[in-house]
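In the two complexes below, chain A is the common chain; its partner is chain B in one and chain C in the other.
Take a look at the complex of A and B:
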């Protein structure tokens, strides 16, 4: 069930349909299903560790594949993902609320276009642009590029989530004398939470992947290991960079899934 | 062939027709195809070859020079692969292309998987012998040496009277905070890059800014005082930069050489004869000027190659 196919939602024509992802409604998971993913990822990491241990590393490979370098790259990557997603949320959710209020109807198209452009421009292009035009490099520049890229799914899902709330419920709320803000806070937002969270989850995954490109503008991350492997043609290094990025993406997706389960209002 | 203009393909088509006709006229002796006939200057009549390139200007210029010289000697060259790709070595081994220009230093470290701690005296011989195992032949290397270099803006060099890397090391010992270096990933990870440089010159760069290779030129003099560049890059002069002399001869030689599959060379040994004088003429000065014509003045690799071959009398 995708929110955009929901009948009776007024303004969805302005919202491109494909990216509005809503969570599949499902039963609360069993303990065993919660354990599967961490166990699987743990096994992947163990396998990777044993594989690297079995290789004889030359000085180039050792420079990338040592505990302190990998730990540093991993931490940088987590920071890039977390900070960029934080800014995505504090920009996109209020903006989504703002754009679904009736009085902002005429700005809707323009702001959605801006968000669309952010996602249409490739991240690496944006990074290069920041570096060449503004001499803007490093962590902050990477955050700007990542946020621009990931704002759209959260913004779109916030809008879709709010718009799909049944008009009759809002009507009933107003009829009970609840203020506009009260209706938003106590009825609309709680009902939109599952769809907003799905957007945040999408943004997180986008950011984990796109953050590998931050290596090109001095912002580090697992991309540093990946690029080092590619530029020196060292397969083992490439594999470690790629597998760790994939493991991190799956882990973050898993944690976001748990957050969805926990934060989803009871009874939905 | 579809890369070319219509006019050029008509010419090539005409050439192919002429070849077919002349082959029919004489006898159908297209077996080995090696030495061919002296008449018409076509040592490579009947050869159908593909020249590949890496994805930067110098490699594409070298590929164009090669393609045009081989065509001049009678070969038919499919230039659809001349645009350059990152996987050119794999393409060579797989037989998708017949030849491309590779660098001795790259051959030693990236292809043969060695490090520079065990660097041989004669790198070219070691690389060409090592690559025989893979059935890849290296034609004699050109004098041009596109190695790593450390560049600074000419103003910075003048203000602090820096001419060599030793000067820079001495300067940085007194002004440690000025040691900002812009460099790309490969340089930072290789023994013959930053790690070895710092040991050899006993210098420490206070801050290393890892960026994409193409961004270094714009950042030099702004984000960084020092930058990693390639010695034959045309943009060094165009951006008013000065290359610091490697006075301790630390950087590995990166002489360019045409590499091809051994079977191609066995089939058409005349390729080596055609390319020998051209390779010899490719000095640092020559290739740097050609690179600048493409990277700075915006000319096409094809035009630059034609002009150079004509100026040096390699085209009839």
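Take a look at the complex of A and C:
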């Protein structure tokens, strides 16, 4: 790794948060381990369904706990997560590429600090800020908050991923007459893919969790069910909201893991 | 050692004998590299001419600027002064990417692309040059065969599935892929174990005898330089040339103390590596035929000042050493059952170093020279090696003097 050692430029290793050290799995998983997670999550959902069925639901609970409301909340939640992660990727990956070019050395510190602030400020605080200061509410506001929160892991992993590529491989590429852009596109980025994907996976998980807070600024999601359960003091509703959020988070993590395995270049 | 032992020599075809056209392929003119904030230039006003089809070695101590010099030729490092003339064309300001596609490049760490198969690695430059797929495919197979790797086995493997030596071979194949006239090699065999290195060096020399590229080769190992180089440039700090000459000349007539120090002790022994038995005057030795009776042998021994005779069979192959005491002890036995078996047999293409090594360990301090059919040609003893060294010295001094005279004449010419 060739992280800058100049004073004033924070070394990537000292930036807080654990995503950069997310282990990059070397060997592919077995079929059994691929099947375990969906089976487990299916059982949890079944258990939750049977639990709710066994309860006497009052009218408030029935308003929350019906298939159409849960389905809608789930879909909103998936949209929040997917859209925010999409924006995180299209912001953080190019920015990470930009910040690892030699000529951007001097901006590196400032931009990393900004990204750090994004993650340091709690999402709920950011939502409140957007709502109170700018009267900015709803889906778009939620996306802004989530993106600000999740940019850092992808940005940092992109930078680490690019910087860990062996200098000699790059020199060999340049020495053979591949252009600078060609080296980036055909050598650096493919070799950084496993680490960038680990960052994206982290961002996804952060966004699934943080998206529950979007309910407070009227952006929907599973947080809506949770908040309803909390404000009406209905334990069953709270449990359903919490368990579904956890199941969704685990499912997305599982899918992201498969994506990592599939997208990792062969030969690494 | 058995009596059939024959010393094999490494197949180093191109040593000393590069048939060159005399054309200058690369010309460095007053080339310099000054890094900002450094007190002294890394490369200081270097002028060097590299003839077509030769391996020119840049050798020198760490930090002398040899790698910087090499990397300025394909402008991985941009020179701060001077010019680079490649095949008659000034490329100092040419598009570096276009330039590099015409120059093969091999580095010590090889730098194979780990996410690409061997075939894709080799195809890199041909693709950049816009060759069609069929031609690229054929080229990959041809090159893998050239570096002794079966294409059907290795084409679709990834670099991590290869051994260090195999990776180095692929590195060389990849550098040759665009059929460049010039190759730059930065300590290409530096990170490989000694046995594999020796084999790769020999393979590379054999390959070079076929392809005849102009090669600039950087190393810090003088022995490698002597083995691989048609010409060696010994560099001092700032890439100043201490001596630029053939290995023979550098070993026999070092230009100054720096060169002598750099070669180190044993220059004469190293020099023996560059001379072949066939190039020296062989001495003759008293010989007898296998069927001769003992009286005839004694007659031969009495007529010579040597204490023992060499017994040859019908095909003229050495079979036995016999001395007068041997004859007495084994009175009625045939000649091939008395005396000692002939050790230290060398072929004419063996180096004098091999011959010396053999004769030191042999019983009678004599190395027998036989041709490819095993027929006796003559012998090499310590005197003939001594004589060979003396001749080399005289020749080298004479050549060095001619060079000095030319330099002086040039200087006088300039002063006028």
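Throughout what follows, the second predicted complex is superposed on the first by the 245 of 268 C-alpha atoms of A that agree within 3 Å, B and C clash if a C-alpha of one lies under 4 Å from a C-alpha of the other, contacts with A are read in each partner's own complex, and residues count from 1 in each chain.
The definition used in the following text is that a residue touches a chain if its C-beta (ideal position, glycine included) is under 8 Å from a C-beta of that chain, and two chains touch if they have at least 3 such contacts.
Being a predicted model, the structure only gives us computed values, none of them experimental.
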Exercise for the section: Identify whether chain B and chain C fit side by side or clash on chain A in the overlaid structures. Expected result: fit
Practice task
Considering only the touch criterion stated at the top, classify A:266 as touching first (chain B), second (chain C), both, or neither.
Solution key: second
Exercise for the section: Return first, second, both or neither, reflecting whether A:109 touches chain B, chain C, both chains, or no partner chain. Expected result: neither
Problem - Which superposed partner A:175 touches (first chain B, second chain C, both, neither) - result: second
Exercise for the section: Would you sort A:122 into first (chain B), second (chain C), both or neither based on which partner it touches? Expected result: neither
Problem - Which superposed partner A:94 touches (first chain B, second chain C, both, neither) - result: neither
Practice task
Considering only touches as defined above, state whether A:190 meets chain B (first), chain C (second), both or neither.
Solution key: second
Practice task
Could you say whether A:38 touches chain B, chain C, both of them, or neither, answering first, second, both or neither?
Solution key: neither
Completion exercise
Superposition result for chain B with chain C: lowest C-alpha separation, Å, rounded to 50
Exercise for the section: Could you give the residue numbers on chain A that contact chain B in one complex and chain C in the other? Expected result: none
Handout entry: Interface residues, chain C side, partner chain A - complex
Key = 74, 76, 96-102, 105, 107, 109-117, 124-125, 128, 158-160, 174-175, 184
Fill in the blank from the handout: So, in the complex, the side of chain A touching chain B is made of residues 58-60, 63-64, 128, 131-132, 135, 137-138, 215-218, 220, 224, 227-228, 230-233
Exercise for the section: Would you pull the chain B residues touching chain A in the complex into a rising list? Expected result: 109-111, 113, 115, 117, 184-186, 188-191, 195, 209-212, 214-215, 218-219, 222-223
Exercise for the section: Provide the residue numbers of chain A that touch chain C in the complex, in ascending order. Expected result: 166, 168-179, 187, 190-191, 265-268
